[in-house]
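In what follows, chain A forms one complex with chain B and a second complex with chain C.
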Partner chain A sequence: MKINKVARAGTMESSDIFIMVQPGDNQGLDIRLSSVVIDQYGNHIRNVIMETLKSMNIEDIELTANDRGALDYTIRSRVETAVKRAL
Partner chain B sequence: MKNILGREIPDSVTLPNRQIRLFSGVQVRHEDVVKKSVKTRVADPTEGKVIHDIKKAIEKSGLKDGMTISFHHHLRNGDYVMNLIMAEIAEMGIKDLSIAASSIFPIQAPLVKHMESGTVTGVYAAYMSGPVAKAISEGKLKNPAVMHTHGGRSRAIECGDLKIDVAFIGAPTCDPMGNINGTEGKSACGSLGYANSDALYADRVIAVTDNLVVYPACPIEITQEYVDYVLVVDSIGDPKGIVSGTTQITKDPVGLKIAKNTIRVIEASGLLKEGMSFQTGAGGTSLAVASYLKDIMKEKRITGSFMSGGITGYLVDMLDEGLFKCIMDVQCFDLSAIDSLKRNKNHQIMSASMYGNPHNKGALVNVLDIVILGATEIDLNFNVNVTTDSNGYIMGGSGGHSDTAAGAKLSIVVSQLFKGRLPAVVDEVTTVSTPGETVDVLVTERGIAINPLRQDLIEKMKKHNVPVMTIKELQDVAEKMIGKPEKIQRSDKIVSVVEYRDGTIIDVVYQVKDQ
Partner chain C sequence: MYEIVVHKIDIKSHMREKTERFLASFGLAMDGDVEYTIIARIGDRIIGTCSFAGKVIKCFAVAKEYQNIGISERLLTEITNVMFDRGIQDSFIFTRPENKVLFEGFGFKEIYATDSIALLESGSRDIKGYIARMFKNSGLDGGEKAALVVNCNPFTLGHRYLIQKASENNIQVVVFVVEEDLSLFPFPVRMNLIKEGLKDLENVTVLPGGEYIISSGTFPTYFLREDEEKDKAYQSLDAGIFGKYIAPVFNIKKRYLGTETYSKTTDEYNQAMIDILPNYGVETVLVERIEVDSKIVSASTVRQLIREDRWSEIRVMVPDSTYNYLLSDEAIPVIENIKKSNSRH
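Entry: the complex of A and B
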């Protein structure tokens, strides 16, 4: 699957995550994460985003995530929505 | 050395004027204590006390390098007193001072630059938030800050563990002889309960006022025989910061669920009866508990004896409706509380020592039935952290938390099971503020856990069909949803020593990493 345009999903509300995606630069999965719980869950959130992208067969993307303490299902659905909007 | 809670207290930890004693469990002291002697300046009857110049007042106080000065926090985030005095002290070039403030708020941000310049090298406080707390967490204070409880602060001052050379007491109204009244004036803040020990035990006491009135300033809270000088300034505070707007009862369904669960515990405990006493905080969930309690007390026609602690308009309404006989007030949070203090003789001011000092002839917390408390984190042994956030930054402190938990017949911690993905129940709290043996119940939106030390309570809950879980089960529920957090990194430098109310060391706080 190929990302064709810039798209967004999610909000900056507490317990949500804001995702913005755009076409990659042939750098693979380029994820830029900021989070209020970066020290406690940074690695975990990055993995959830990676797995979601892989499950959608995305190979080249630039993804910016601003996390406000979202749970995994929120992260997955926001990533999926942003990607589908960008196809 | 490890204390009884397994917290490592390095041998390098020292405190001025005394030996380090490690926390070894909550103990009732049976030996007498000796209060410190107080140097008293004998007033010249022909000389006035009123001074209009800050520098002159500081000179008169005899302040020198290395001394300890104190402030109270009733003017809260509107306080101008500490900033005014500290700016002048810095200008005069006095160094190496310790600040003993009952609490420190964001408005006291200028203290950070005084820490950096070496004017201030030590801090004592029961609570701190904002830039000063952040700077201390990042290692900008030379000596570790001492964090104590409200009652523990009085104890420390009275016995001399904390020796105050000069106390600066913000005085909303004052007369030329130094009688202080907190309820009148443009900067009225009501109760001055935390300043009481400072007035009684500091070598020099300076009232700082913006409302000098004709003698005597009745009704008097702190009396003239303790006050050396009266410093008159333009303004001691910003009324908008002194009193907050009325806190609203939470509308958040999670908060309401917690409040409902809490009421079930209170009902089943058997303490909901004629003459009961109750303390709660000013947060939305705490007020929701008070609101449900009010409904039940009306329905069952129960009249309580007293409500205590920091006082809000919501508690004043309950007093006015006759649900409780008295309010015991150590601090007013809003205008409604100040107004009640002025008009209602059953709204009584109390000192911090009367409130929570474990080493006097009996504190109010010893006869408190129920207290509702908060928590940043709580571990599987019910030890509570209200001092640091989950990233290791100081953002609070015990205040009256440990005092009331120790005294109350039923201490209930209310908390969301997780907030912004951070769990309330953890394997190890970042900092122990209040020992688990004094915490009876944890109430969350997804379940209630009772401290196994309170088998009597567990039995009562069973009898009244209140579902209880173990605290471990609550932790598992949370971790299924949020996962397990990684342990945060910290440096090895100690930035704060946390004292239990009896003066023993319950924990230390380390400098945060990556600054």
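Entry: the complex of A and C
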């Protein structure tokens, strides 16, 4: 499945994650993550985002994530919301 | 507990003055080009503010006793949401170097910093990727090049002379054209007239300048003057970005500059280039302006002559391509605008 516009979800407040998605240019899942806990949880957050995208059958996307210490369910719901807004 | 509210203010109301007073306590001023301003307040007391102009987030401050309790986060979320709704997905922030860390926590990345100012871009932007794509799309090879950055508002024989000099003394020349559409001659027109006027110079490539060469994102004071200190800081930023990011990718070893008699901004800008570019292995070459009938040929002179309908004098300052354009129907609205305005651009 492909998204066709730019959309975002989330805030920059503590314990949240800000997600912005836009159609990719056939580069697959292109994720740009910044996080206050990137050293500790960077890979984990990236995996949660990847899995959420895959579960929605998204194959081509450019996703910018700015994490402020969000828990997994927050990450999942923010990613899902952003993608649905971009469909 | 007291409640903190975040909301938009009418920048034409008395709230502007209140916000300006708040900013002044941080040694900050409300920039002239601000489009939208929000504040955080408790009761009547302003404890934080943030604004934007174009793609740039600016005039940001939070009262010291209220820092680190999430107010910056609310201000930034709100301002980026408003920008997003207006179609601005990527942003820049100018801030003091000591505040860099705060914004890095919000996913902003440093592009360049001087002693007095740092320029950051939002996480969705990527200067290195952008410049790499610019180079790839240009079709140029990896050979050494000389470069010029021009606005050409409009293209004159003065520009032609400067670029010809570069063309004669270098194997390859790149001309970057300021892409921002804030000049009296629209970008596509400027671009066409430059290409037409340089058609015979085979080693010259004309390219759009993109978002990191004299754009309002990275160099707002080129289009709107502020105080001298700010101008200087922005000029250094632009020179630094050229040296650090653009010159290495395009393999630019020389930058040609025209001497400037009329525009103080351009003169200081040249000085910033001369001071900064050698640090990045780029030599600067300053070329004297040419004169016709003891008048210096410049785009601003041409615009002034247009205002006064002195066409025979314009004729000797511009190449055929520019002159024919000025006489065409397409130029009528542009000329009307020039006559109405006194803008530097």
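Worth pointing out:
The rule is short, and it goes like this: the second predicted complex is superposed on the first by the 87 of 87 C-alpha atoms of A that agree within 3 Å, B and C clash if a C-alpha of one lies under 4 Å from a C-alpha of the other, contacts with A are read in each partner's own complex, and residues count from 1 in each chain.
Quick note on the criterion: a contact is a pair of C-beta atoms (placed from the backbone, for glycine too) under 8 Å apart; a residue touches a chain by one contact, two chains touch by 3 or more.
Note that the structure is predicted; figures quoted are calculated from it, not measured.
Model built by superposing both complexes on chain A: chain B and chain C fit together without a clash. Legend: residue contacts after superposition of the two complexes on their common chain; A:D25 is shown touching neither chain B nor chain C. Computed from Cα centres after superposition, the angle at chain A between chain B and chain C reads 80 degrees (steps of 10). In the superposition on chain A, A:R68 contacts both chain B and chain C.
Within the superposed three-chain model, A:R8 lies in touch with chain C and out of touch with chain B [touch as defined at top].
By the touch criterion defined above, A:V37 reaches chain B but does not reach chain C.
Once chain A of one complex is fitted onto chain A of the other, the partner contacts of A:E51 are absent, as it touches neither chain B nor chain C. Once you line the two complexes up on chain A, you'll see the smallest CA to CA distance from chain B to chain C is 7 Å.
Judged by the document's definition of touching, chain A residues 14, 36, 68 lie at the interface with chain B and also at the interface with chain C. Interface residues of chain C, counted against chain A in their complex, comprise 70, 73-74, 76-77, 80-81, 84, 89, 104-107, 109, 122-124, 126. Chain B makes touch with chain A in their complex at residues 390-391, 419-422, 481-483, 485-486, 488-489. Across the complex, chain A meets chain B through its residues 14-15, 36-37, 39-44, 68-72. For chain A in complex with chain C, the touching residues are 6, 8, 11-14, 18, 20, 22, 32, 34, 36, 62, 64-66, 68.
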